[in-house]
Structure formats: structure tokens, C-alpha cells
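Here the chain labels run A, B and C in written order, and each chain numbers its own residues starting at 1.
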């Protein structure tokens, strides 16, 4: 049992790495379409044979260190393509968006707290990085500060979010997202519509703008950001996974599924909704700070309502509440439009149609979340 | 003092446009308990179809003053009504048992699709388009205050449409059926009311209102842009929510409230007029915190 | 003599409707009380008021002599009152274990740091709770205990009811409220369920139960005392036979004269 689980996990990771690599390097868009079709066919076959659910539960029940297959795959791709600026930037972008989606998953996938202002909290992280970068504060601290400021500003919304439900709660975050964007546009200290320059990150005195050099090995500086994003993503992924498989995760689910039923069994519904909202915004803020450092430049147009929609689309396309589905969905949403230049102009249209079709015909997403079972914990 | 009246008047014109959009949201929520977020982009579509029909008239040499306005409004209503019903038929009715969030996200994406389609397929669609001056912009002086004639007509038109809609809902058979479905869809169906037809008719009606609002928007600003729908949609949604979803008069009050907030800010802080939307949305968030189901509360009960 | 639970002149109003009208009743430790009355007579409203789900418009709810009127639902739970719902409020997408273990809310370690980082400790806690939940499920049926990690939506109606009762029992309440547990069950299932309730009762002799039921056979077998409500008022109080014999009850509720 254990061995097959291990083999399966490795197989999934290997296939994932391979497909990601192919999609990333494919120059010819027919190759991209081919890889996407192959992935689509694979997922349909898996769904038909009910293997999809089995795979999801294998990944869900495997031990914590199976999550380390993600950085393993990421490092392999990163080093294999170490000279390709554009490819590495896309990989880093996928990881950063994926990180933000981990935060959204905690909020919406677990606790059911709706957040249509993901891009705003992402932007708060980014602007924090821009402002603090001028003071020569260590980059890792700035990233954490980005998360903390996003979480803190999010606290303004706690009361409205707690008091409203359903469509009304959705409006609160939509209004906040638009408000944030218009605020940035007109505020001159934050650069107005032109935005701000951001100091690049440096870790242990080594600027991430200098690519790694070891003898004849010369890497693009984007590899540094891939590694940084990969590290933060993996830590947050493992912690979010632990969160799901904990009493807190059980409470989140109870709050989402039936707040009244939960309150009768002693669950502090308001407390858990606040927790999910704050933790989620923290993670989204981390992602925003890394994004700003990598881009070296941020402007209000990076943090629009459409960007919030893209983040939500990633978690819904992948499968709401399934952490493992975030990266495949992020690749689909972030990389596909960049690669299909022929579609170029039409990419947002294509993307919108794709999301509509998935919601209409496969509402639980491409890789639905697996049931939480504490088999492994009980068996130990 | 005169300038204040002008502000108030312009605020009222904005308010009536927001109210028209908000009434659509409230009608959709009434019959199916859903938020149809493609509404704002359906509005843009209405404005663009009005523009196309005007260009067609022009090429035929038929761009006479009143005829132009009537044809443009009719074209906008027909296109938006049809598209609204189509979205309902193809996507919303089949999904009425899905979670509210899924429908919200899906209609947002349909709206994005419409917006992008306009940008891509309308010639040079990414740039703002001049909207024909279907009404004379002659200034009219009343007691030392200047009003634009077209704005006065637009205000009257907006009120007329809203009164007509209210009459339709209150005093016709169709309106009775819509109210019955809004009360309780299953019971209405059991009483022999064709549920699906009524829902689609409601979608067509609400969307046609957005079409009219789109044309009004075009005339008022003399131009139309593919992306206006998103903000107008959110404003209309806010107005409907503040007024308490499901109530027509609530939606109208909500529309004027939003316009009043924007105008108030510009009057008080003319130097910081850029912040007017920040202020208006902040006020909406605060209002929602105080009245979590709108100022005119939605009829609401939780079954235990 | 002091009672485990007392309601003193409790009233609840919904707009113009008087759902509960100065209801008073006492529950002693270790007794099973049947609550009967026509639809809309205020039975479920009484449970809702007691568990803090709806506001009272007057009167007092006393548990062990302390006032619990107006407490939030979770604080009522902390004092040892749990319930089931007429329309089941389980989480269909979660496993049987997750649904039941929520009932142990107050003994779960909810500290975020220990949940995220001290996984060894967490695993030990899972094992302990798993043991408890399993044992509880096994008192109902061994088959149910074997399905502890199955999704709840795969269970049939009677098993779902059992899960709901287990969730209420796992907290080791002093007062258990059962709201129409036989709703939606076949007569055979109802019969089986009756045995379950009596089993629960003999396992927890000190626990009190208030049960709302329309199924008169079930009431006759399990209720030691019956209280009849009509239009939010208590119209009869006594043993099942005495209550059923009451001419007022016959006319108002049972519809025979």
C-alpha cells in the first residue's frame, strides 16, 4: 500500500514536471496545443476511469514530505532551462500566482470566506515591498512585511465581511478591490498611474539580479527568483496542507458547510472566518511582495479586478480546496496565454470561454478536492 | 448657488442611469436569487448596437432627429434583451442549483467575454468611439442656472422607463407572473405559470433596461468605450444591494444614493475629485456593515 | 427540589407571530421528556431558543440554576446542551469522522502553532479521538464504525440520523435535544432507531433527553413524561397515557373527540 502510494506520487510528479517543462519550452504553438490536448485527454481518461479521485486521495493521504516533490520538480526544470530568461520568468510567475492562490484556497476553499479583492491584497504586498525597499531592509523581512501589511489592511474589512453573507459579502470585496485600484491611480505618493520602482531582492548579501555562476555554469537571474518563489511556495504549501489536516481544517470545513450547525457544536464561527481571512491575506501579500521584487516595477494596472478574477479562476478551475490542483491550473492560466501568441489578442476571450465551460460542465474543477481521511495519522 | 444646482442636476442624470442598471440586478435576483454580473457588459453591448444602427441609418440617409433616437433605442433594447435571455437560457437556468459563487464567477466571465469580443471584433474597438448627438445639447437657462437640453430629456426618459417598468410589474399579467415567480418559483410553477418563460422574459426585460442605460450613457458622455460595463455593473450591483436586493424602489433609491455620494464628494472636495469613487465605495462598504442586507432589508429568514 | 433544566415563562415572537407564549417546563436529571404538538406549535422554536439560535422575548432558561437565556449557541454547547436537527445539518462533503469529531469541540486543541507544527502531538490526538468516535459508532452498529472515513453523502437516512446523534453524544452532554429523529424513516428504521435511543439512555443514565416526535409508538416507548404544546403554549404535561387521555389533547392535537 505504502509503496504503491509512493510510486504513484512520484509518477504524478514526474509526469507533471515533464508536461510543465514541455509547455514551458515549446516554441511552436502547435507543440503547446499538443501538450495541452495531451493533458486534457489524460485528465478526461483519468476522470472516466475514476483514477482522478484515487490519485487525489493518494496525494492527500501521503506523508508530508511528498510535498517536497514540488520543489524537486521545480529545481529540475529551473536548472535544465537555466539560460532561458522568459521561460524562467513565467515559471516564477506561475509559482507566485500559485502562492497567492494558496492564500485564496485557505479563505474560500476551506473557510468559505469569499474574496474578490485578491489582486488588491497582492498589490498591498507589492507596494509594501516598493516602499520598504528604499530603506535597505533585508529582502526576506520585506517579504514577510508585505504579508503582514496585507493582513493588517485586510483587518479593516473584517467587520463588514463578518456581518454580510453571500452576494452581499461578495460586493464588499469587489468594492474594496475597485476602491484600492482607484486609490492607487490618484495617489501621488504611491506613484499614481505610473507606479513605483522596486528594489530587487537580495539574500545573504547576494543580489538576486546577478545570476548564479559556477565555473562554466551561468544562469539567468530569473533562476534566483524561481528558487525564491519555489522556497516560499513550498513552505506555505506544506503549512497549508497541515492546516487542512488539523482540527482547524475540520473547523474551517464545518464553518463553510453549515455555520449554524457548527455554532451549535461550539464552533466559534466568527473567529475561524477571521482567521482564514487574515492568514489568506498574509499569504497573498507574501506573493505580492515577491512579484514586485521580481518585476522591479509595479503599477496599478498590475492589480486590477480582472487579476482578482484570474486568481479565483485558478482555484476554481483546478478544483476548489485542492492544493495540489493549484499549480496545474496556474500553468494553464498563466502560461497558456503567453505561449499561444497566435491567439495573442484573443487570449482573454479564450480564457473567459474556457472558465465558463468548466463552470458549466465540470463545476467541481479539473481535479476535485479529495475527502480528508485521517487514516495515516491513525495507523501510526 | 447656480453651480450647486448644476451638480445636483448632473448627479440626477447619473443616478437615473445607475437606477436603470440596478433595477435589472434586482429583477434577476427577484426571480432566481442570482447575481448576473454580465449585466454591465450587456449595457456596453446595447450602446454599441445603438451606435451600429445609427451608422446604418446614416448610410441610408435616414438619420433624422427623432427617428434616430427611436431606432437607436429600439436596436439597443432588442439586442440586449435577446442577449440577456440567451445568457439566461444557455448558462443560468441550467445552473440554478449550483452555488451562488459559481454563477457569480461564471457571469463575470461571460461579461469579460462580451467585453473582449467588442474590443476585438468592433472595428478599432479598443479606442473610445464617438457617440452620435441624438439630442441637441442646447443650453437652457432656468433662473440663472444652465441645463443641457439633452440631459433634461435623458432624465425624463429615464424616469419614464422606470415608471413604465413599475407599471409593467404592478399592473400587467406578465408582471403578476414575475411577482409570483419571485415569491416562490415552485408554487408558481404548480399554479400553471410557465416558470422558464417568465424567467427568460425577466432577463430580457432587465437587460433591455441596461440597453437603454447604455444609450443614455453614450449620449450623455458623447462617447462610448468597450470597458465602461465593468464599473457601471459594479455600481449598479452596489446600488441594488444597498437598496436591498429584490426591491425595485430600493434599486432606484440605491442608484440615486450612489450618484449622490459621488456628487457630494466632488462638491465638497473639488480639488480631490479623483477620489470620488474611493469615497463612494467606502461609503457603500460602511453602509453594508451597518445594514448587512441593504437599507431596505431583503425579506429574509433562515430555516432551521 | 432542583431541576437540571427549567424554562420559566419563555416567549418568542417572530414579527406578529407569537411562536412561544410563556412556556414553563422542568426537566429532571436522567429523564426522557417527549414534546408533542401540531406543526407550528413551537416545538422546534423552543429548541432554537434553548440553544441560542433565536432570541427570546421574555422569560428565563435555567440550566442547573444558572441563567443561560441569550447565550450564544457555542456557549450553550459548552454548558452541556447538544441537539439534532429536524432537517439534518451534517456536512455532506466531509467524512463520518469529521462530522462526529466536531462535537468534541471543547476538548480539541485548536492552537494554531501546535496544529501546524507539532504533528506528532496532533497525530496522537487524532488516534485518541478516532478511538472514541469508533467506539461510539460501534454502539449503534459495527458496520457504521467500519465506515468511519467514508464520505457522509454515501450513507442512508437512518445512518445519517445516527451520525447526528453521535455528534451530539460525543460531547457527553447533560441535556440532549432530539428534533423529530424519525422524520423520513421507514417504520422499520423508526423501530430500529427507538432501540438505539433506549441503548443510549441505558449507557448514559444521568443524561436527560427532550425528544420531539410525531411518531406516537416511539413516544409511548421512550418518553417518561410528555408535554403537549399548542400555539406556543403548554396544554398538557404528564405521562404518555395521561396526556393522550386528556380530552383537550384529543381534540386539539389528535383530532378525535
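Basically, contacts are C-beta pairs under 8 Å (C-beta built on N, C-alpha and C of every residue); 3 or more make two chains touch, one makes a residue touch a chain.
All of these numbers come straight from a predicted model, not from anything done at the bench.
A.B. asks: Return the chain label for which the distance between chain Cα mean and whole-protein Cα mean is smallest.
C.D. replies: Smallest centre-to-centre distance to the global C-alpha mean: chain A.
A.B. asks: Quick one: point me to the chain whose Cα centre is farthest from that of chain C.
C.D. replies: Measuring from the centre of chain C, the most distant chain centre belongs to B.
A.B. asks: In angstrom, rounded to a whole number, how far apart do the mean CA points of chain A and chain C lie?
C.D. replies: From the centre of chain A to the centre of chain C is 42 Å.
A.B. asks: Nearest whole angstrom, what separates the Cα centre of chain A from the Cα centre of chain B?
C.D. replies: One centre to the other, that is 35 Å.
A.B. asks: Indicate the whole-number Å distance between the mean C-alpha point of chain B and the mean C-alpha point of chain C.
C.D. replies: Centre separation, chain B to chain C: 49 Å.
A.B. asks: Which positions in chain A touch two or more other chains at once?
C.D. replies: 260
A.B. asks: Of all residues in chain C, which are in touch with two or more distinct other chains?
C.D. replies: 53, 85
A.B. asks: Indicate the residues of chain B shared as contacts by at least two other chains.
C.D. replies: Residues 304 of chain B each touch two or more of the other chains.
A.B. asks: Within their complex, state which residues of chain A touch chain B.
C.D. replies: That would be residues 108, 114, 157, 159-160, 163-168, 170-172, 174-176, 178-179, 182-183, 185-186, 260, 305-306, 309, 312-313, 316, 345-346, 348-349, 352-353, 355-356, 359-360, 363 of chain A.
A.B. asks: Note which residues of chain A are touching chain C in the complex, please.
C.D. replies: The contact residues of chain A facing chain C are 64, 239, 242-243, 246-248, 250-251, 253-254, 257-258, 260-269, 275, 371-375, 377-378, 380.
A.B. asks: Give every residue of chain C touching chain A within the complex, in rising order.
C.D. replies: 51-53, 72-74, 76-78, 82-83, 85, 89-95, 97-98, 101-103, 105-106, 108-110, 112, 115-117, 119, 122-123, 125-127, 130, 149, 151, 167, 171
A.B. asks: For a test of understanding, state which residues of chain B touch chain A in their complex under the given definition.
C.D. replies: 29, 35, 91, 94-95, 98-102, 104-106, 108-110, 112-113, 116-117, 120, 230-231, 234, 237-238, 241, 245, 272, 274-275, 277-278, 281-282, 284-286, 288-289, 292-294, 302, 304
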